[in-house]
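The two complexes that follow have subunit A in common; it is paired with subunit B in the first and with subunit C in the second.
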Partner chain A sequence: MKKVHFCLAHHLRVTMYTIKMALLTIIEYPSNILGWLISNPIQFLLGFATIKFAVEQFGEINGWDYGQLAFLYGISVISHALSMIFFVQGWFMGYYVIDGAFDRFLTRPMSVLYQFFFTNINIFGFTDLIPGILVFLYGCVQTDFAFTVSNVLGIIVMLTGAVLIRGGIYILLGSTSFWTKSANDFGQFTQEIFDKTTMYPLSMYPEAMQLILTFLIPIGWVSFYPASELLGMKTLCSSGGMGVWITLAAGIATMLAAGLVFQTGLKKYESAGN
Partner chain B sequence: MITVRDLHKEYLVSEKGKGLGGTLKSLFRNEKKIIGAVNGLDFHVNKGEIVGFIGPNGSGKSTTIKMMTGILTPTSGEVLIDGRNIARYRKETVRKIGVVFGQRTQLNWDLRLEETFELLRRIYQIEKKDYLDILEVMDSILGIGELLDKPVRQMSLGQRVKGDLTAAMLHSPKVLFLDEPTIGLDAGSKYALRKFIKEINTIRGTTVILTTHDLGDIQELCERLIIINNGVMMDDGNLSEIVERIAPYRTLTVEYYDSIVPTHPKAEILSAADNVVRYKFMKRELTAARLISDLSSLHPIRDVGIEEAGIDDIIRIAYAKTVQS
Partner chain C sequence: MFSSSFRKYLFICKTRIIRSFTYRFDVFGNILMQTIVMVTTAFFWKALFQDETFRNGITADNMMTYTIMSSVLSVLFTTGVERRIQESVEKGSIAIDLMRPVNVFGMFFAEDLGNLIALLFQNLLPILLLGSLLIKVPTIVSVSAIPMFAVSVILSMAINWLTAAIFGMWAFTAISMDALFQVKKHLIRLLSGSIIPIWFFPKWLAGILNALPFVYIYQLPLDIYIGSASNEEIQGRMLIQLIWVLILAALFYLFSKKSLKKVLVQGG
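Right after this comes the complex of A and B.
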């Protein structure tokens, strides 16, 4: 137990220092952040304004009213933002493989995956997080969402699961570069899929599509089903109140699989040049 | 300290056809070929040795170094650092080694040098006191103190290499791997680097493994040379012993008063121009003193110079040997 605690403190100290370094870098190049600070929040607030427009025109989307849509949209943007903060490096894993950039991580006495993600935390991701939280809170107020212990726990469990699923998928896709020996850049592509399928109610898609996104590519469990349960909405598929735990379980399973695939791939790592 | 046993590394290379047609064909029928980069290396390095690891480009020396530092996983065989298999116990074993790649830096480009050091201090969990002690040592050897506040992007190559060397020494490694550390350095920086290697070796007993194409590095630093080519060991021994074996000759340059070319039965004439004649002779057969006195009895001599076979000759011969075999 003491050893686990010591190990955790060690990782936390290293991560905190790299965040400090990232902040120092921003101070060195202040103009870089300006674009992020302006464009990212605007992008999501505009997306939200579009929903508002659609709802005002049609009254509701498949039985989802404006507040409920805000709730779902907010949750999705928050999980998007958290995955951007912690796991966006995964998009570029292929380039690390091709450029031999894992060399340095491998010669240091810490896990390669830990160093890859948590010594490169993307603090710009916070510019996505804030609009997400604002929209989510707005949705909470509109739907009279009760902040009970179980509801708050439910949200935390769901978000953790959702971020683990996204991160795990980034790792799985990025790890393919160990075999293909090319930099597979899949970032935008997966983000589009995740965002399009988690920001709006799944029930607005045709039933066949819903079934695919529930069972074949179970993206519905990232946030749609658990969020529906938290709001008490009827959906195609019900888990009897276990939704958030399914999300967490799926997140942990994806992450474990991703870790395994990454470690196997790392044995095939060829470094680069000279 | 380091044991390398029957080390192999193979790469699977897919053969792409020529042109568009070939590329399309290889999409369907991928011809794979196994290429052996390292083909069975065995050697042992003792604590406190400075070993020069040399070989031409593409000889497999970089691949070997990368397997010794835990970057690449061997196809078969093993590398033991201080008795531990580095491929299997990477995290605990890399703590004992420091690695500097001459062509790559581990310093954070945008920030002051000391920021990288502070990060490494946390990664390696170095006590503040030990950290300050080692910085003091590195300051006395390399003068790193005055660079601590300098942003890395503003550094000259020489200063950056000093920063990288210090970064690699912070956790007091038992073995230091230097992959072409002098590449691109000016004479002053090269001198500082060589001085550094000698001093950490004597003061701290650090074992040093060095790859280089710089003959000066080899001559000044390496007591022992490991020459590899085509992924196999070509030679392993101390420098003078290898010289003795591969190039057991010397060159005598004689300047006469006239333009003449006297011969000697045991010396071969390499060149003769103006009044200067160069003789090559075997150390075993003839002493330099004997040759000079024999020649001067034939003709008056104005000046002489003796050269040992250069390290570049040794390397050239060693590499050439591998081409024939």
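Right after this comes the complex of A and C.
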């Protein structure tokens, strides 16, 4: 028991150190922080504004008015921001493999998986969080969303699951680099797909695509199903009032699969010579 | 004299074309990504319009054409000049670029032109083909609109390249430009009509946007293509487009003289 406790405390201390280091690194370039602080909110606030203008002209899209869309959009951006903070390195795994950057992790007396996930905290992700929360709160006001204990718990469970699904998919895609040995950058690619499938109601896509994004790739669970449930919207597949918990389960499952593939891929890792 | 300097730029252009054909994964990745964006946007319009007609006579079918042509135009509006400047400054190789016996901006332009020619085959044609297959064949509103469309696209490309070049000049003095590039990218994406036409925006906002150069990049050629504005209106707007090209060209000329004096060279 004492050993477990020591181990946990040790990991926690290392994580704290890396967060401190991450903070120190970004303070080095203050103009950069300011840039992201302007750029990311602009992207998402303007992005939502344009959707709102278009939807307002027609009143609704597939039964969703712009208040409900704001709720959905907000959840999508918040989960995106959190996944950027913790798992953005999944986007760049190709470069790690090509550059032989895993050497550094392999020679340290800690699990590679732990080091890879928790020693790369991306503080800039917080700049995405601001517009996400703003649009989300706007949506809550527009839809008269009640902040009851069960609803708040629902949101927390859903966001945890959503971040795990996103992170899991980043790492699964990134891990392909272990086999392909190429620095494919999936970043923009995954972001576009996640934007298009989690910011708008999934119900506007053909049924076949909805089914794929429900059962095969759990993207529908990132925001659409749990948000539909919290707002009382109809969906193609009913989540039976368990939407947020299914999101969490899907997140854990995706993450476990990602961890497994990562570990298997790591055995294929052969460093880069020079 | 003219022909020899022209040949230099032609050579730069050629090397870029050859280089573009070596990165195959990028090509497929880009086509796939642009197709996904195009098709999902089409579904968004379908769901939004249903069978309704918007107040300027636009239907869901017109919006499909709009979406496909916007994706096609986005290929023509690919520029590398800002990144090119930033990378050169970051690595310090800008010193070598400046020593070459060509105008440095002429060189960047020739490089972009070379990339563009490669992209016509690598991106534009595949996207047009996939759009026609997956969504619909994007036909122009009338044959008589073709010359106007062509002229306004060329002017759009000029506005787009000049904006990128003027913007890129900042990189001569400020090293880290990533965030600023993102700001510019999003402004153009969202305020140029490339994703959502500005007729959907509130009147006051559309008024402001009509005074800025962004809408003359995407919105105007697309309006001509789908016929969502009267001929007189189009002619008036093309005049503003031309004025913007001239203003930006003047600014470009002015800034390029100044910025080259302040180039930051690092490393050695």
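Going forward, the second predicted complex is superposed on the first by the 262 of 274 C-alpha atoms of A that agree within 3 Å, B and C clash if a C-alpha of one lies under 4 Å from a C-alpha of the other, contacts with A are read in each partner's own complex, and residues count from 1 in each chain.
The definition used in the following text is that a contact is a pair of C-beta atoms (placed from the backbone, for glycine too) under 8 Å apart; a residue touches a chain by one contact, two chains touch by 3 or more.
Values in this document were obtained by computation on a predicted structure and should not be read as measured data.
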Original post:
With the two structures laid over each other on chain A, which partner does A:Tyr17 touch: subunit B (first), subunit C (second), both, or neither?
Top reply: first
Original post:
Which partner does A:Phe53 contact after superposing on A: first (subunit B), second (subunit C), both, neither?
Top reply: second
**OP:** Could you look at A:Thr107 and tell me whether it touches subunit B, subunit C, both or neither (first, second, both, neither)?
**Re:** first
Original post:
Between subunit B (first) and subunit C (second), which, if any, makes contact with A:Asn62: first, second, both or neither?
Top reply: second
**OP:** Counting touched residues of subunit A, say whether subunit B or subunit C comes out ahead.
**Re:** C
Original post:
In the superposed arrangement, which partner chain does A:Trp36 touch: subunit B (first), subunit C (second), both, or neither?
Top reply: second
**OP:** Report, in rising order, the residues of subunit A that make contact with subunit B in one complex and with subunit C in the other.
**Re:** 29
**OP:** Would you pull the subunit A residues touching subunit C in the complex into a rising list?
**Re:** 29, 31-32, 34-36, 38-40, 42-43, 46-47, 50-51, 53-55, 57-58, 61-62, 182, 184, 188-189, 192-193, 196-197, 200-201, 204-206
Subject >> Footprint of subunit B on subunit A - complex, ascending >> reply: 10, 13-14, 17-18, 21, 24-25, 28-29, 102-104, 106-111, 119, 266-271, 274
**OP:** Write out the stretch or stretches of subunit B touching subunit A in their complex.
**Re:** 11, 57, 62, 66, 69-73, 90-92, 94-95, 97, 99, 101, 103-104, 106, 108, 110-111, 115, 118-119, 122-125, 151, 179-180
Original post:
Quick one: in the complex, what on subunit C touches subunit A?
Top reply: 25, 29, 32-33, 36-37, 40-41, 43-44, 46-49, 52, 54, 174, 176, 178-180, 182-183, 186-187, 190-191, 195-196, 200-202, 205
